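The same chain A turns up in both complexes below, where it pairs with chain B and then with chain C.
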Partner chain A sequence: MVDLETIRKKAKEIVSREDVKHLIGWRKGTFGYRVTPYWVEAPEDAEELVYSPLCNTNLATYLTLAEKLPLPKGQEPDRRKTALLVRGCDSRAVVQLLTERGVDREQVVLLGLPCRGVVDLRKLKDSYPEDNEVADAEWKEDKIVLNVSGEKKEIPREEVLDDHCLVCRYPNPVEADETLGEKVEPWAEESHPGVEELENASFDKRWDFWEKEFERCIRCYACRNACPMCYCEDCILDRLNPTWIYRSNNYSENTAFHIARAFHLVGRCVSCGACERVCPAGIPLGKINQKLVKEVREKYEFEPGTDPEGVPFQASYNPQDQEDFIL
Partner chain B sequence: MSEQFEPNIVAFLCNWCSYAGADLAGTSRTHYPANLKVIRVMCTGRINPLFVLNALQQGADGVLVSGCHPGDCHYMEGNMYARRRFRLMKDLLEYLGVDSRRFHMSWVSASEGGKWKEVVEKVVDEVSEIGPFEQFKREKINW
Partner chain C sequence: MSEKVLQKANWSSFVQALADARELWFPVKDGPIYKFAPYSGDVDAGLEEYAYSSVPPKAVVLPQTETMFLYQVGDKEISLPEEKKEKVVLGARPCDARAMDIVDRVFQWDEDDPYYLENRNKTAVIGLACNEPFVNCFCTSLDGSPGSTQGLDVLMVDLGDKYYLRSVTDKGSRILGDAESALEDASGEGSQAEEIIKEAEGKIKRSIDTEGIREKLEEGWEAPLWDEVSRACLGCGACTFLCPTCHCFDIQDEVEGFDGRRCRMWDSCMFGEYTLHTSGHNPRPSRKERTRNRISHKYRYYVEKFDKIACVGCGRCITSCPVNIDILDILSRVKEEL
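Right after this comes the complex of A and B.
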């Protein structure tokens, strides 16, 4: 693994570079287990960077979220690069963005970090309640050491790790300019927890399950905003003419919203789990995404975000694609 | 009084094959169920999977998407993309609990009036069997 000083030193070096505008990383939040994304603009800011199992935002999101304001006449656009700390899933998101031409490789500097999985705050808070004190955490072999007000607690990793991280097969960056620290041995086999269980249920049972889940949705669109792959400037959810999905908050529109959101991630979802972690209603969005990831992998042998030279899944075809469902 | 359920099915047909195929079925005086509301599009590749979703929301009991056989597409490859797209759309709908018999896709060429009849009969039969679609039908809003 990699120690914090190495990251800060490297970050300083990168930010001091002439051609780099800023570096996006994480820093401690204002209370409890919170960690927030952080823009390092000057070399001295790098001292605030942290890297721990609590860093659960996918930073690749911020590459495409940056606002592009119209420039005053005669002013040159800022063409400096954005540097980014990337773990396995973040780097897969960046690679997927590269294949979609959402991001220009020349415009990003990727600083790779091996990762042993991030915690699911809900799971963590259940067994180790959060207080106002800013906490700290680190990986230690197969454990996570939680440091709350000077008191250290060792927690087995399986207990608090996010569901997506438990089955993560890409703990090391797929694409990076430089990877710090030693590589981590992947710990998981290909599996999609929770998907088989629903697949084996009857149609009615499945609908009962999802109806209850979707009913709780408050349509805050946090899942869309946290997703590194949702970066359309003109999102169908915001569009009024035609109105694809009404704004009313009922099970019909909520279902339509969730189907549309999931479908737009077919062959693009990199399984980082950011959507599920930010959902205030606790809807298991990962279960929908994982189903599609599984189908795409099994039926088309395609895995998004692994090949920077690849073609996007939905923009390509194979003449031998399955057609057993066609009448 | 018991009335037989007449399903309401929305069919998206590609202009070059399936629409012409349906036309052929009509001009050859073939009898087939009249439950289909046909929407002509230029190519199956033009059909956004959200069309299917919207149709179901707005009161369709089933949806049929029909286009040219692979390799016969007027635009060379439109139906190839559609094939991928709707395979996964079908999987997704099934996974969420929408009966797999509600959504169908078929290849019907311009000369296959007979096949068109069979497809329509099969689709109407299957949708009649499962009854009206209520799962996420849009509620009527009275302003």
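Right after this comes the complex of A and C.
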């Protein structure tokens, strides 16, 4: 893997460059297992960087989240680059953004890190509840080691890893200016967690399942905002004239919202799982996205965010594409 | 004031008696979270495992979506939705009841808001004291307590095999009267309850000294701190929607076919749409201004108007933030750096 000192040293080097504005990484949070995205501006800031199985945000989202505000008269725009720590999924998000021209490759510096999966905090909740003490975690072979108040707890990886990470086939960055540490051997065969089970259920069962899930949605849009692929400046959900989706919180409008979001991610979702991890209502959003990932993969052999030179799914056409869904 | 004891063995008849007299709202487990919902007759549902509701009980008095009136497109007549029923909320945490008290002032300081007040006046709250505070609780920094009675009609304290109940208001006494058959008179359980509350207070680990924050917020309007604390913000509404004192709403007309309804729904100052003008100008154009507003509203603007901080220290915004934006961290930086 990679040790923290190497990351910090490299980060220092990068932010010392004149053409780099800052480097986005993670640092320790304020309690429990929390880790927070962190902006390294000066070389000494790099000392606070952390890298662990608790780093569960997809940092690529910050490339497009930063507001582009009009500048005061006479002020020149800051054209320096943004550097980013990227693992497999973060780098796939960046690659997808590159192919969509949502991000300019010349404007980003990618520091690659191998990854062995991040922890799903919901899986820790019952057996290892969060305390005020800021805990630490590390990867150790096929285990996750939690360090809570100096006490180390070894947990088998498959017990606490995010479902998306359990089936991840891209633990190493697919695109980076430099990748640190040793490459990780991929551990999973292609599969789409939770999808087969629903596919095999009856129509009514599936409908009931999603009705119950979507009814719980509070419409905070954390899923949309955490997603590196949701970066429309004029989002359909925010439109008022016409209002495509009403603001009323009910099953019908919530369902319309989630269907709209899912369809906008077809052939674009990079399976990082950020949407599901941030949902305060615990809606298994990954299941919807994974179903669409699976469809796109089976029907068009397309996998987003894997080829920096590629074209986006919606912009590609192949005469051999299946057309069996056209009536 | 009446003091009663409820043996846990009598739990189901107590719940049934409340439900017979009023519309009973109860914390129910929905997937991985708890929220308040109308009682469904499942008398086995207890409060044993319930910590706190992810969605605060403000949703009972200020629903996320509320129909104000109904109309037919092209018709000048309007009709009103069904009249609200007398409700009782069972198991609200004391901080959430204190929050209702804070929201009450907003909805009656100039004009009375009939939608909110009707709901609020018809709602009685039975609070459940917190024997075990949660990781991000800091109510004691804001004049609160795990056994605070402010905003409550009845306080309930878990004593192990029984609950101690004490009415705080006349409405509370009437509610206990409705469920009389399930209750016994208290004999000294009050002091046991006080001890539990005191012990719980000692278990609260997080705190903030609020002295001087209002002034600092005024002085440090343009401080670089706001850029730093808002940079990781995703701009979602989790902190505000799950906050028991956040009360901002939007009003919209929603039409299906010819059936129209005017409704109001929670809005969030963390959304770009919140302050967007018709002209396209937005006075809070980025997450920096929005984060500053969220903190300033609670710790400055509300204070200037009502001489009280609009935060009860429930810690939901801290726990639910996907990127660990921590209001206590921001407030302590406000104190130190501004």
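Convention: the second predicted complex is superposed on the first by the 327 of 327 C-alpha atoms of A that agree within 3 Å, B and C clash if a C-alpha of one lies under 4 Å from a C-alpha of the other, contacts with A are read in each partner's own complex, and residues count from 1 in each chain.
Please note the rule applied: a residue touches a chain if its C-beta (ideal position, glycine included) is under 8 Å from a C-beta of that chain, and two chains touch if they have at least 3 such contacts.
Since the model is a prediction, treat every value here as computed from it, not as a measurement.
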{"item": "First (chain B), second (chain C), both or neither touched by A:L69", "value": "second"}
{"item": "Which of chain B and chain C A:I218 touches, first, second, both or neither", "value": "second"}
{"item": "Touched partner set for A:A262, first chain B, second chain C, both or neither", "value": "first"}
{"item": "First (chain B), second (chain C), both or neither touched by A:W187", "value": "neither"}
{"item": "Which superposed partner A:Y128 touches (first chain B, second chain C, both, neither)", "value": "neither"}
{"item": "Chain B versus chain C as contact partner of A:N250, first or second or both or neither", "value": "both"}
{"item": "Those residues of chain A which chain B touches in one complex and chain C touches in the other", "value": "246, 248, 250"}
{"item": "Residues of chain B touching chain A in the complex", "value": "49-50, 53-54, 57, 70-71, 77, 80-81, 83-100, 104-107, 119, 122-123, 135-139, 141"}
{"item": "Interface residues, chain C side, partner chain A - complex", "value": "30-33, 35, 54-55, 64-65, 135-136, 205-206, 228, 231-232, 234-238, 241-242, 250, 252, 254, 263, 265-266, 268, 271-273, 285-287, 318, 320, 322-326, 328-329"}
{"item": "Residue numbers on chain A that touch chain B, as the complex places them", "value": "198-199, 203-211, 236, 244, 246, 248, 250-253, 255-256, 258-260, 262-263, 266-267, 288, 291-292, 295-296, 299-300, 313-315, 317, 319, 321-323, 325-327"}
{"item": "List of chain A residues in touch with chain C within their complex", "value": "29-32, 34-39, 57, 61-62, 65, 67, 69, 122, 129-132, 212-213, 215-216, 218-222, 224-226, 238, 240, 243, 246-250, 277-278, 280-283"}
